[in-house]
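Next up, some structures in structure tokens.
Presented sequentially are two complexes of subunit A, the first with subunit B as partner and the second with subunit C.
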Partner chain A sequence: MINKLEADSLKIGKETLKSRLFIGTGKFSNNKKMPEIIHAGNASVVTVALRRVDQKSTEENILDNIPKDVILMPNTSGARTAKEAIRIAHLAKAMGCGDWIKIEVISDNRYLLPDNQETLLATEALVKEGFTVLPYISPELMTAKRLEDAGAAAVMPFAAPIGSNRGLRTKELVQILIDEIDVPIIVDAGIGRPSEAAECMEMGAAAVLVNTAVATAGNPLKMAEAFSLAVAAGRTAFLAGTGRVLSAGASASSPLTGFLRKEEA
Partner chain B sequence: MSGGRAVAELNEQIIAKEVWPKTALKENDMLEIVTFMGGGSK
Partner chain C sequence: MPAKSYLEEKQQYNGLDFADFFKKVTDDDILRVLVKDKITRMDFLKLLSPIAQKHLEEMAQRSRRDTIRNFGYTMQLFTPMYIADYCDNFCVYCGFNHNNNINRRCLTMDEIAKEAENIAQTGLKNILVLTGESIKYSPVDYILEAVKVLRKYFDSVSIEVYSFSQEDYVRAVEAGVDGMTMFQECYNKDIYRTLHPGGPKANYEYRLDAPERACKAGLRNVNVGALLGLNEWREEAFFTGVHADYLQHKYKDVEIAVSTPRMRPCSAGYAPRSIVEDIDLVQYITALRIFLPRAGLTLSTRERPQMRDHLVKMGITKISGGVTVAAGGHTKGDDDGQFEISDPRSVAQMAQMLYAEGYQPVYKDWQTLI
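== the complex of A and B ==
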């Protein structure tokens, strides 16, 4: 059992990850605290967006605040079509920070739900170009199967709408993906509490990505640490195998003999 | 701008940094300069 736990590392593309927590870099009130927060969460992968340079902005470069020992996963946020996602992926790769790309194609501005069909088209094209592609999707089995067939390195279904902190609202659909898809399932978006991250991991998710839950916490540093512990606890529970659930009644945990009081005749 | 910090696209074609000094802009050229920013999703 010990060996099994020690050997429990997640491989994605060519990389072996040091943990199962991914962190997003949006909405932090102070980007200078990001290295500490990323370390507190023991995050293995950090996602960043690509945006037009604002010549007037004095904001420091985000890469200065990302530790060198994490994998950088640019995302295609802002893309509304496969074509735009592919264009953003090319720009991200030209930045020279590896070949990982999180495909995110969203044209629904109210719920920010991903467009699975365009995401599949972008994934097919970028896998052929040699990218390590992690598509963000609505949890839907046939889309996930097609993404897997297309060569996606992982599949990232949402728990709840982006930035909502509403928890694992898609539990049954995510469980189906975990059961039926061979590539790692990474739950992304909507996770608000460490207990929800632990739940994903207990179910057999390969990893969890959080951003808003940490960025909007009272103390982001402490919350990153809490997520790290929760993800590790949930993973260990998954490997241990949770105990059985009784459909009714009870089952004593102590022996039913040898009471201190006299045995009744 | 220091190396690896921004990427330029001229008329939707990525222009390698080495080529920047030799590239002149013409009228109606579409120049896009992008960089990484904080962002999880959307």
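== the complex of A and C ==
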């Protein structure tokens, strides 16, 4: 019998992931705490803003604090256009960061909402170059469809604006992406609590990415662990098939389709 | 229709009587503002009112929360590098005033490289270049040539110099400049005129429009500010915040930041017209954060160490270290600076303080893509 976990494992690009939790690194109080936190959360993928990577620094190179047993996913934070995102992806590759890239193109500094059009352009170009591309988007079906067609390895819609910890505000739209898009949907940004991560997973999201919720927790280590448990619980619930929840509205006292059976008789 | 310029935008407040507005603000008003998610410009002004000081702890708590949510437990480090202090202006409060008898310097490209080498050893990967305003000694070409040299040592270069034309800001972007800082110094036009009696800086409108020209030219970061002490601070604080809000709304792709410099003694010997107490500065910084949760807030060594150590916990996102405010100061030491600094700590000492306060010091936050 195949191990159930293996059977359910998430595959992105050429990689089979050991868990469905991704962790962001931009907001922690000390980069040296990262390995412990990543392990506490059993994260499979860790994203790092290339803008912050300082390879010349002996003490402050964040890459030195990313464990070898996770997948490194550099991101293009700071890019305002597709051109800048592509340039950053090239720099990441030149630095030896592998071929995964999270496309983040943001030209709105008030809410940090992604620019879907530029993100699509960058994705198209980088997929052609052989990158494993995970674009971060405002949840919108047509954009997600075009990204899928362009060869994105996954699509990452936000739950709420980055850093807002407001939870799954885009639930309806994310559900549509989960239902209609064939590549994995990874909910990224805005998730404030483990219960919200569990909810995303119950809905059928392939994985979730968190940063602020863990980094700003009273005890980041415990919170990483909590997210790990929540993601696993939500996934198991999804696989189990959640119970039928009837929507509001009374059912008619006599069956509406009873006449069909009468006719049969 | 959005306003064409901040000058136009600002006109809607021409009739605003600050004293009268503040008189009407109540404790309830402040409490109502503090529970709102997103506050308006007039809410911001309420938070700047004298009565809001009674609620300073709540403001500080909210400011800290908003800052951590948006920026995490991280703090950007930077240092200024003065490369020339010749100046054609007559700003009455500034050590570089044309009439001041100081030893003027204008660094050669070799001297700039030497300074850069010394600063780079601290681990900083970004640099802020400053000059006085001198057509003869520090023209745009000289500054851009210096930028070329500095890019060999730093991943990102910003400038805090005189107002450029939009074409010159475009040239700066092409030369690899990522950011600019431009203090209006004083948003009150009448007082501005008395403080800037001569030289190109006497043109209030041209300076007021400089940050917007920089946004249009494609700079990534634009930092505004008023020099506190030149006018009643609450009015200046309001117009600074509204300036940042105006730019942030209109130029969404530009990261807008605000500095809150308080006047320091300098060789010009000018006494501040209005005294800004510590409690006022805390009120200003926390009100700004609540009003503009995503704006960078920069803190200089005009503040003393104890004050800076407290302020990093309630709103600040960027702080300087290893500071000298004299041209060539990173090689030759600090004399004849623009003003007296209050915090002499090195970059390493600042990093140490940040770690102790639970913050990750950020030495590099961008890499020029040109």
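Just so we're on the same page, the second predicted complex is superposed on the first by the 231 of 265 C-alpha atoms of A that agree within 3 Å, B and C clash if a C-alpha of one lies under 4 Å from a C-alpha of the other, contacts with A are read in each partner's own complex, and residues count from 1 in each chain.
Heads up, the rule we're going with is that a contact is a pair of C-beta atoms (placed from the backbone, for glycine too) under 8 Å apart; a residue touches a chain by one contact, two chains touch by 3 or more.
Here the structure is a predicted model, which means the values were calculated and not measured.
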A:163 in the overlay: touching subunit B, subunit C, both, or neither? Say first, second, both or neither.
both
Touched partner set for A:39, first subunit B, second subunit C, both or neither
neither
With the two complexes superposed on chain A, say which partner A:95 touches: subunit B (first), subunit C (second), both, or neither.
first
I'd like to know which partner A:112 touches here: subunit B for first, subunit C for second, both or neither.
both
Check whether A:216 is in contact with subunit B, with subunit C, with both or with neither, and answer first, second, both or neither.
second
So in the superposed three-chain picture, is A:87 touching just subunit B, just subunit C, both, or none of them (first/second/both/neither)?
both
Go through the superposed model and pick first if A:146 touches only subunit B, second if only subunit C, both, or neither.
neither
After superposition on the shared chain, which partner residues are touched by A:52: those of subunit B (first), subunit C (second), both, or neither?
both
Just checking: does A:136 make contact with subunit B only, subunit C only, both, or neither of them? Give me first, second, both or neither.
first
Mind sorting out which residues of subunit A both subunit B and subunit C touch, each in its own complex?
26-28, 31, 50-53, 78, 87, 91, 112, 163, 211-212
Subunit A - residues contacting subunit B, complex:
23-28, 31, 34, 47-53, 61-63, 74-75, 77-78, 87, 90-92, 94-97, 104, 106, 112, 136, 162-163, 188-189, 209, 211-212
In their complex, what parts of subunit B are in touch with subunit A?
1, 4-7, 9, 12, 14, 16, 32-42
Interfacial residue positions of subunit C with respect to subunit A in the complex
68-74, 123, 125, 155, 220, 248-249, 252-256, 294, 355, 358-367, 369
Quick one: in the complex, what on subunit A touches subunit C?
26-31, 50-54, 56-57, 59-60, 78, 80, 84, 87-88, 91, 107-112, 163-165, 211-212, 215-216
